[in-house]
Amino acid sequence: MALQSLDIKQRSATTTPAPSVRQTTEVAKLIDVSACIGCKACQAACMEWNDIRDEVGINYGVYDNPVDLTAKSWTVMRFAEVEEGGRLQWLIRKDGCMHCADPGCLKACPAPGAIVQYANGVVDFHQENCIGCGYCVTGCPFNVPRISKDDGKAYKCSLCSDRVAVGQAPACAKACPTGAIQYGSKSDMKDYAAKRIGDLKERGFAKAGLYDPAGVGGTHVMYVLHHADRPELYNGLPADPGISPLVSLWKGMAKPLASLALGAVALGSLFHYVMKGPNEVSKESEREAEKEESQ
Amino acid sequence: MIRDPKDLQRYTPQERANHWVVGISFILLALSGLAFFHPAFYPLSYLFGGGTWARILHPYIGVFMAFFFVLMFLRFHRLNVMTKVDREWLDRVGEMVDGNDHNMPEQGKYNGGQKAMFWASVVCMLLLIVSGVLIWRAQFSPPIGLVRFGAVVHAVAAVAMIALILIHAYAAIWVKGTIRAMWYGTVTRAWARQHHRAWYREVTGK
Amino acid sequence: MQVNRRQFFKICSAGLGGSSIAMLGYSPTAALAEVRDYKLARATETRNMCPYCSVSCGVLAYSIGDKSKNAKAEIIHIVGDPDNPVNRGTLCPKGAGLLDMVHSQNRLKYPEVREPGSNEWKRISWDEAIARITRHMKADRDANFIEKNAEGTTVNRWNTFGFLASSAAANEPGYLTSKILRGLGVVALDTQARI
Amino acid sequence: MTNHWVDIKNTDLAIIMGGNAAEAHPCGFKWVVEAKKERKAKLVVVDPRFTRSAAVADFYAPIRAGTDIAFLGGVINYLLSNDKIHHDYVRNYTNAPFLIDAGFKFDDGLFSGYNAEKRGYDKSTWSYQKDKDGFAMVDMTLQDPNCVFQLMKKHYSRYTPELVSKTTGTPKEDFLKICGMMAETAAPNKTMTVLYALGWTEHTVGSQNIRTMAMIQLLLGNMGMAGGGINALRGHANVQGITDMCLYSEVLPGYLSAPTDADKTRDEYLAKRTPKALRPNQMNFPQNFPKWFTSLMKAFYGNAATKDNGFCYDWVPKKDGAYDAMAIFERMHQGKMQGFACQGFNPLASMANKRKIGDALAKLKYLVIIDPLATDTSEFWKNHGEFNEVDASKVQTEVFRLPANLFAEESGSFTNSGRVVQWHWKAADGPGESKGDSEIMAALFLKLKEMYAKDGGKFPDAILNLAWPYRQPAKPAPEELLMEISGKALADVTDPKDATKVLVKAGEQVPGFAMLRDDGSTACGNWIYGGSWSQAGNLTARRDASDPSGLGQTLNWGFAWPANRRILYNRASADLAGKPWDPKRTVMKWTGTAWGGNDIPDMRPNAAPEENVMPFIMAPEGVARLFSPIMADGPFPEHYEPFESPLDNNPFHPGNAKAKSNPAARVFKSDMDSFGTAKDFPYVATTYRLVEHFHFWTKHAHINAVLQPEHFVEIGEELAKEKGIKAGDKVKVRSNRGHIKAVAVVTKRLRTLDVDGKKVHTIGIPLHFGFKGVTKPGYITNTLTPFVGDANSQTPEYKAFLVNIEKA
């Protein structure tokens, strides 16, 4: 077995670059929300392929079920009823990992190799290296990773890295009955999206567009939206996502600066000792003390 | 162990025990915490049985330490009230660091530096406890914004705290005759007279 | 003094020193980044059909073992058949969950009977089940079969036994069921097609 | 489906009404999406609920449940009064020019010949005027006041947009917009496809719902066309196949009408079922009925079926009345049944009025369940708390539960909604001791046969002589059975024009139903499947998906009945001269010597256009029927209210109480009291499937239970506000037949409609839940539904009834 089945671009908690000479095709999943019927085939296929079975929950008065992502539900459909100009639109969005080019989870992860970004763009969690700290959750601009209650490890959509590695589409994309999930090279997906957007514009959705947010360097899961100007209509899809400045500070500048500061204190102490010598009780003090005691 | 009966009692056994409980906890916390903070420190987690154990243990040790820190606070906070003399001492801390303590004002049981250290650690500890709870994923799930804020605060407070403790430890090493206070509870009269004259007077009546 | 210095090193540096040892080679595992193995690589593929709606999507059933004598096939994955012109490899949430239907905890595994007035099922053998059912059927048929109606027309019907046939069964058992029931004279016969 | 799944991609306009294709048939619905993407087609959805189909539609209009005929009748009126019809098609390929008996009348909701006592019609005036040769008379100018066209025009002139909107609750402008979109497809090179399902069938006017749309499709010239047709999206994977195998009382395999007490002899029986052509030169394909029936008898009884015993005609049980599922349960409820078997069927959950079904089952002596799953029906006797409140000790039914295999555990063929028969292969054994359906049926039969052989009994002949040529008698192989279904020659089959020419040698599989004979020289279990296993082998197992036409016909994939034809009535895709209406989507064309194109011609291959052989070969008229003399409840569809209606009267016939609901619908006297009125039950309820579940099966599958775990009902925001119900609250829904409790989903997708000056709220109730399964235990939805059926198909009215709702 090879050490790695996909070329790696970045590893969590690793300060040296991964082997990056080979150029592999970037892949992407395109979710055409305008063709999505919210059937949850993607959810079913995801559970089936990845051998995960979430608990049988309850109905919360909505179609969304499971009602949120969990460590065993790596994708969920989110339903939003939007009424505009007297006409109802049922906007249904498949939620899950966006596979950001600049992944906040990976940035935040302290465990070497627990989060990996492959050269094809897939951001994958390796649970055997995961320590369960939840920093990935903190780092994610899309609120995607979940910590399992069973093993305390973080889980999320892997873009079916095991399938992608052997040249197959992710299970959700394969299953999607209406072709609302497409899979291919990122450039092909962008071309396809352009065609869909053209069609939507002809059908009266003047603001149709592609969701591939630059704030996270683009994503490897993209959406075609009828209302690209208002992504938040789709059950709170962030309009301009990015890694939180707090996370950037914490996992960016803070790391070297603080390490340096600590080093400076330690070294400063050492050199102070060496240069100034110990602060010993002076002979005079000893004498005085003895004198006073004997009084 | 027979000690010199002339020595002065600086710390009771309970106080010493409390200090070391907090001290050891802090070292464990610093080691495990640094492991999560920067990849260079990650191997420190192996001291705890690996990253996962470090992640599991860290917050519990934190809670443990917080409890004993509170006890310590209750023991010592009255002794650490800042006075005018302390501020004067702090103004002249440069001379002190430079190795020249002749002109330093007379100090009580704690000098201004120690008191500043005390309050700084209290503040840091408070921040660490609150932010630590915010980022304790296994037990709590506050809003994500708070978690992110907590993570930054925890990191900053932890670095500050580690720095403080390094200084604290170094000061103990640098000022000869100090460490035994925390081992045996006693200091020599000379040491007390030189470094904490006011306290010396108070306990000896001289 | 000596003692104190030693203590300092013990407490402050021993930890760091120890971890340096770890850094020098005591690292327990190299953190590999290996994707999950492709689980179908060595599974057996069988072409089948989704039994749910009338799109009749083609599916591929993957089972462990290679159908050799000593390997018991167990289905581990069911997925759309990319060659099927209708579904082209896709499946709906029902089809995508077929594996859990095959392995449902509520699958019946052996014949059972619930005796009149009883509150529970009792496991019985196939022989007993068939013998008891057919005894009922024959007694019923012999008692209620109508050879001729009031007008004297030969009608040869048995209308005290009814049968609802499955639209989930394949054509072949469907045809056989039809043939057998007509042979027995059954007229009270219907299927899900009605509803 | 007259067309097939992939063909939907060829359409210009898809109408989903009386169904919810996205939800019930997502993988078939993909071809609608494909048409939208690739052909710029439009999708229109008309439904009481804003469904998942509506989520991706170009236009959605709400409609009150059970008023589809009002809507579609309005469309007919629009097309006729705006002259938006395909004239050549209507004149030549429908019975529009046919003259109708002068006695035919329609008077305030009732057609001529109504008998209130029998709740039925004497249809003698619903007939064609005939000439001296027995042919129907026509007026090709369509001007004669008694011609179908004029009668139709008059009939639907009452369906004004105002009355339509007042009845259906559909806003008038929405209605007119849809009319306009449909009308565009009257152009010869434009097609509309219609996707419907149980939202049309499950009404007391179910068959007429479909007929109304079929009439529209004929007026627009969309039948037989690629991307056209009227497409029933059927329920189960093999519901089409099982329908074809005719596991129901009124027909024998291949839709051969079963004998009744009135058919005393074989000759009488055949004479009634072998029609004469109603117009010159027509194919009148049903004239072959004797060949199909005789071949079936040879398949059933083999050598025992001889010319001398009328090919065992008397062995076939004769019906003395209705034995459909509703009638069976009515008989059972009356204590007239001893035994009952459910094979992969869960009637307690799926039949209307659960309480009646449970009571009926408790009156049986024995009940046999043949199923892969522990169904609700199998435990009808068991107390499951509030969900099934019964006292087991009082139920004396002996219940057997036999474990059956599932699809993956058997080989065999399924027939999809597009009539394509496809073979599948066994992947693994079933769990435990489960057996295949054939094996279970064989075990029961062989044991009975053994008992009759040993002990004798009533009329053992048909049992002892039932042909059983299977190599392993206890395990008839699916391959053997399909060969029997497809048919074979028992003696050499010769050319009728040249007796020396042998077409099929004795013992060979027949290549198709054309080779079947009525002299006992052929055996065929189901004529429409004739040729599915020919000498070339098992054609249902073919897997060549090549599609040279680009229309998605894939003629070498599986086998489509009849004769591997993919689009029915495909001769109608070309004009009288045989030129395709739309050359870009040629299905069929006259090549000068024969019919050819991209399908198997639904026509005698050498019938030159000048012979005037019309495309609808299964009708003795040769043309399609805008006026149908054979329907039970009227030759033209008319709007009738559901049996439980929120209105006091039928807006089309406000003065005639008899015409409020379908005057010919199936109602049992004992059920008359079970209907509720709008006074006590003011809200319209409709039941349906969800995409996450399949009937009452997938509640046993964990994945699907996760996706939709608990029973819920959907209500509009306005009603929720009135009743103080919030999303997630438990609510109690009552009908006059019982109540259920479920979680409330409050949604904008269910609109309050303005109907006849009244506010009408609709409550949506999914059906998938019950007390057995991995999902949260729940009530059975059909506790609420009424036991009243369609006049023609006896399908119960699950889709429109009255309920009340309150916070539980």
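Letters are used for the chains, namely A, B, C and D, taken in the order the chains are written, and counting of residues starts over at 1 for each.
Rule of thumb we're sticking to: contacts are C-beta pairs under 8 Å (C-beta built on N, C-alpha and C of every residue); 3 or more make two chains touch, one makes a residue touch a chain.
Computed from a predicted model, the values in this text were never measured in an experiment.
Set against one another, A-C and C-D show the most C-beta pairs in contact at C-D.
Comparing per-chain C-alpha centres with the mean over every protein C-alpha atom, the closest match is chain C. In this assembly, the C-alpha centroid of subunit A lies 38 Å from the C-alpha centroid of subunit B. Mean C-alpha position of subunit C lies 28 Å from that of subunit D.
Separation between the centroids of subunit B and subunit C, computed from CA atoms only, is 64 Å. Listed for subunit D are residues 26-27, 30, 691-692, 702-704, 707, 774, each touching two or more other chains.
Residues of subunit B in contact with at least two other chains: 50, 173, 176. Counting only residues that touch two or more partner chains, subunit C has 78, 80, 87, 90-97, 99-100.
Interface of subunit C with subunit D (complex): residues 44, 46-58, 61, 63, 72-75, 78, 80, 83-88, 90-102, 104-119, 121, 126, 129-134, 136-138, 140-145, 147, 149, 151, 153-195.
Put simply, subunit C touches subunit A in their complex at residues 31-39, 41, 77-80, 87, 89-97, 99-100. By the touch criterion given at the top, residues 22-23, 26-27, 29-30, 33-34, 36-37, 40, 50, 52-56, 58, 60, 691-692, 702-712, 726-729, 743-749, 774-776 of subunit D touch subunit A in their complex.
Partner subunit C is touched in their complex by these residues of subunit A: 1-6, 8, 11, 39-41, 43-45, 47-49, 53, 111-114, 116, 124, 126, 129, 158, 161-163, 165-166, 168, 171, 174-177, 179.
Remark: subunit A residues 34-41, 43-44, 47-48, 53-63, 65-66, 73, 81, 83, 87-90, 92, 177-180, 196, 199, 202-203 touch subunit D in the complex.
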